[in-house]
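Take a look at these structures.
After this come two complexes, each holding chain A, first together with chain B and then together with chain C.
Our next item is the complex of A and B:
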């Protein structure tokens, strides 16, 4: 294996578990996240969150507290340092504390769960994260969602849909949510809880009330299974990608909720046909699809779209390289088409 | 470092990477996880390599993985530099002996060992730069890839050196690797938080007074230096600054400014604001070890410290990073340290040199006028 940083070259490049978990816990507004490790680990993540939150028009940073481990802590153990940080945070006006560990803490063998189990007067929730020792970025997301789900008790089903595991660091996270909420509204359905995106700690209690969970991506299936077992809520494994994926999503949601979705599907079909007509100028243009950073669902949706548009894909000679990204729903597909047009005209 | 709310400054490993990646001819390997690799890569916009170690490497030893990556880079003609991150640093492996037979620069600079300037200094020391006393030139130091003004600073000092017919020595740390071993005996600074320690230091390039003094020293030690064109430009441009600030003061009160930066840039910003705008510097929060400034500096390495200082002093102008901007409310803001998120920066703007002061004053006046009711 080389050290080439391209993700396609290595399974080692799954990202940092800690970052994945922070992307979840930082979205509980009235809680504090403590990162048990050197200040540098926290800074890396603070900086990343700062960038992605600004991109999404959130100027205010979430509360991330670093235990600021030094060389001395690492030599002599750092559980007391963590205990002090938890006590300090518990003395502030917060509803809960999430404690995330780092590679170095895992390596020196601190018992983070035991320290968190002590009495602090407010919920202290340890999230199993340990950088690369804990797995990948996605493992961090899943671990955090599962840890937070454990704080929610059983509750009466009141209807509504949960959105599970939105990619909070994604540039278009709000737009993707808006599109899914729009598709649900075609069936007369509303969102019960965005688990976890910009919510309060008390809202977590509503997790079990939904009739259906919609996962952002199939990587969240372990979370879907936990929620199914805990609350009896079925799940759909992914947001919709592309044209037929969107229509199929409407049908699946309708079926899961016992709704006749035919009218909604027909209406969305008309909307898609009108949209495609608006890009008829791309027909017969030579093109290739840039798969570099795309998942299987995204590639399938892009290939379908290229066929519908009559693009000439893979022909010899000069062609435009079209970016393939997550085209969530019809609106997301339209945005990708604008990028394709830009690439073809470039 | 004690407990810290939202730490605002990167770790030593990032500093070491910022130093080494600036030299063309070094292949930098981050010996650590993909998480540790990702941050300096995105921050520095420089090609870095990584070992991307996993749990198995920690349990069974990372030698195989490290050697695999280094072997992959052999034959590229580049000198390989390995930077250790936190976990490999405490595993107790003898990395030096693992690398026997490889011509590798090893920098033990784990994140817990300090902050970005600690790692930068350590990496530069490991390079062991050497001086060529016969070189009639002047080095430029403080050019650190971590600094968003680094490229602009270098270009501006090169321009001034050209004006003064002064050959440029080695740029620390943004130059060809071999030039680190043929440095000049004299050095000027652009950002003294990242000093090279190479050669005799002739002075800094932040602010008109410092530039004037530094060129006076250059004129004394470099044969053939003609500093009059620089002095003439200094006089001309300082007059423009004075006029612009005076015009501002005709209409508005001086700003009450809170300054947050590394010690070097913070002192520069405070002096300029006080000198040309009669600004009240209500506080200076330094990311690095506090240094000399018009008002005492305090260390402000976390967002809560920054927030407290801003709440206490209620400034109408905040100088800092986009972290500061996020807690500045309606105050005018000018960014001088990373990160500078939320705005597009494409041109290599300087803070050092004549154009650096012009650019800073220009941004301050525009920001203040935009925010003054």
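Our next item is the complex of A and C:
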């Protein structure tokens, strides 16, 4: 049982477990996600997904269905309502159905897994996503990825790299993927599967074929462990952050794949030096790093970058407040540098 | 209008006591409404010639609450007593507590909560917030505990004291413990024990109801004792209970016992 030892806990960063799970399942193009709960749980999430997808020029509505529970469902139990929703969705032209639970159905004890285990003619995959059980947004992502991984059987290793747990709601999700794919290509490696970003249900079967899994962030380590256990695939716990982070990422991937990465590292190093030279106008400028919402690896990468640029960080007096965001790879670092330049010359 | 609720361990005789109490109250010329607040739905059966009346929750499920009216949910039984069963989900699914809350909201909407006396007959244990609903503001202000001298029955009664104490501490709550009804199993010194228990939880035993075979005889004839055998001594006990409840002015905030104290109390009277 989970409990909150601090009843005044005002954290706003944990996020809804359901939203995390939807950010994964809604990226299986030919599947439907059923949200088993009151209509509001779905509406809020559809709005969020729609808005973030539009940001990424992806102007279609996510395939979400709500069981739209009312008080009667809560009093009498809502398993039958769920069964009807699944049957209805199964009658459409879809390859699979994902069923996400909500706080209220876990409270009244609906046996969601048992209803999903019945025969509907297509795979029906339950994902436990009740937030009050102690989960955050990340737990929702992890639960969904682990549930989807269970649908993939063992398969022959054909090489290639899996990208695990991309942050589908982040603004730069495509750019970050492109950058990681570019870094892999420096080693002659290709992507086997984006698990899960804009794929079809059948593609999930390829999950076990990769020789290496690259996780988007260390929060996905539980998923990496499950995949390692299930398919014997090793993993790297994070996308690369910043300058030296990118170089060591290339080295680590090369090592994991038994490739000599020295040439790739040298080439990338030259590229980074040329890039930094292009931002020499920032040298000696007074600045402070705004890392209110940043993670540790993002802050470390930003501090390194500020030092390389000869920015004067933390000096008294007037300074520019520089946004610290995820600087994924060399290209991501360049995007952050452009933001810094705009802030400094503003 | 007087609103009272009977709580106690499952199987202790709350429904039998409630139905006989309602009968006795109606015999005093009072307009009585009895509400069964238990998914088992058998509170009012003896007032309805053994009939299981449709429950509020069943009717909501079948027709939707928009299609219901007062006459659909209230049934008139023995001596004009109005009967309502809250009902609830099948065993093992859903949320019975929410069902009680929903029933109360529907009854309020229909203006069903009227008359001289309302008797709420509530599920044995106050397992969640929903079953404390009858004790909340605007509903029963007087709680009566039904218990025998058995330890498990006293234990359940003591737990309900905790719920009453908690609710009584809320700012606008008028919920108080009205007394303890001893529905005897027939064990030695039972009346003394229950009386002492009532005293220790800061209340009083309001009525001792001895064990009597006439209760079973009435039940197999689908009647209350008051209806089946109005001249019996048992019927007098229920009439006495009705009178004492109507005259009762001693409302207290209970002081529940620790389990060790409860056990040593029971040991004193073995």
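As a working rule, the second predicted complex is superposed on the first by the 331 of 346 C-alpha atoms of A that agree within 3 Å, B and C clash if a C-alpha of one lies under 4 Å from a C-alpha of the other, contacts with A are read in each partner's own complex, and residues count from 1 in each chain.
The definition used in the following text is that contacts are C-beta pairs under 8 Å (C-beta built on N, C-alpha and C of every residue); 3 or more make two chains touch, one makes a residue touch a chain.
Please read all numbers here as calculations on a predicted model, not as lab measurements.
Undergrad: Which holds for A:222: it touches chain B only (first), chain C only (second), both, or neither?
TA: After superposition on chain A, A:222 lies in contact with neither partner.
Undergrad: Determine, under the contact definition given at the top, whether A:18 touches first (chain B), second (chain C), both, or neither.
TA: Once the two structures are laid over each other on A, A:18 reaches chain B alone.
Undergrad: By residue count, is chain A touched more by chain B or by chain C?
TA: B
Undergrad: Tell me the contact category for A:71 with respect to chain B and chain C: first, second, both or neither.
TA: both
Undergrad: Under the stated touch criterion, which partner chain does A:160 make contact with: chain B (first), chain C (second), both, or neither?
TA: Neither chain B nor chain C is touched by A:160.
Undergrad: Scan A:108 for contacts with chain B and chain C and give back first, second, both or neither.
TA: both
Undergrad: Let me test your reading of the model: by the given contact rule, A:79 touches which partner, first (chain B), second (chain C), both or neither?
TA: It touches chain C, and chain B stays clear.
Undergrad: Identify the residues of chain A that lie in both the chain B contact region and the chain C contact region.
TA: Overlap of chain B and chain C footprints on chain A: residues 71, 74, 107-108.
Undergrad: Quick check on the complex: what are the chain B residues that touch chain A?
TA: Interface residues on chain B, with respect to chain A: 1-14, 29, 33-39, 41, 43, 48-55, 58, 68-69, 72-73, 86-87, 90-91, 110-113, 115, 301, 303, 322-323, 325-327, 339, 341-342.
Undergrad: Could you list, by residue number, the parts of chain C that touch chain A in their complex?
TA: It is residues 57, 60-61, 88-90, 93-96, 98-99, 102 of chain C that touch chain A.
Undergrad: Per the contact definition, I'd like the list of chain A residues that touch chain C in the complex.
TA: So the residues of chain A in touch with chain C come to 71-72, 74-79, 107-110.
Undergrad: For the complex, give me every residue of chain A touching chain B.
TA: 1-3, 5, 10, 12-19, 37-44, 46-48, 50-51, 54-55, 59-61, 63-71, 74, 81, 84-85, 88, 102-104, 107-108, 131-133
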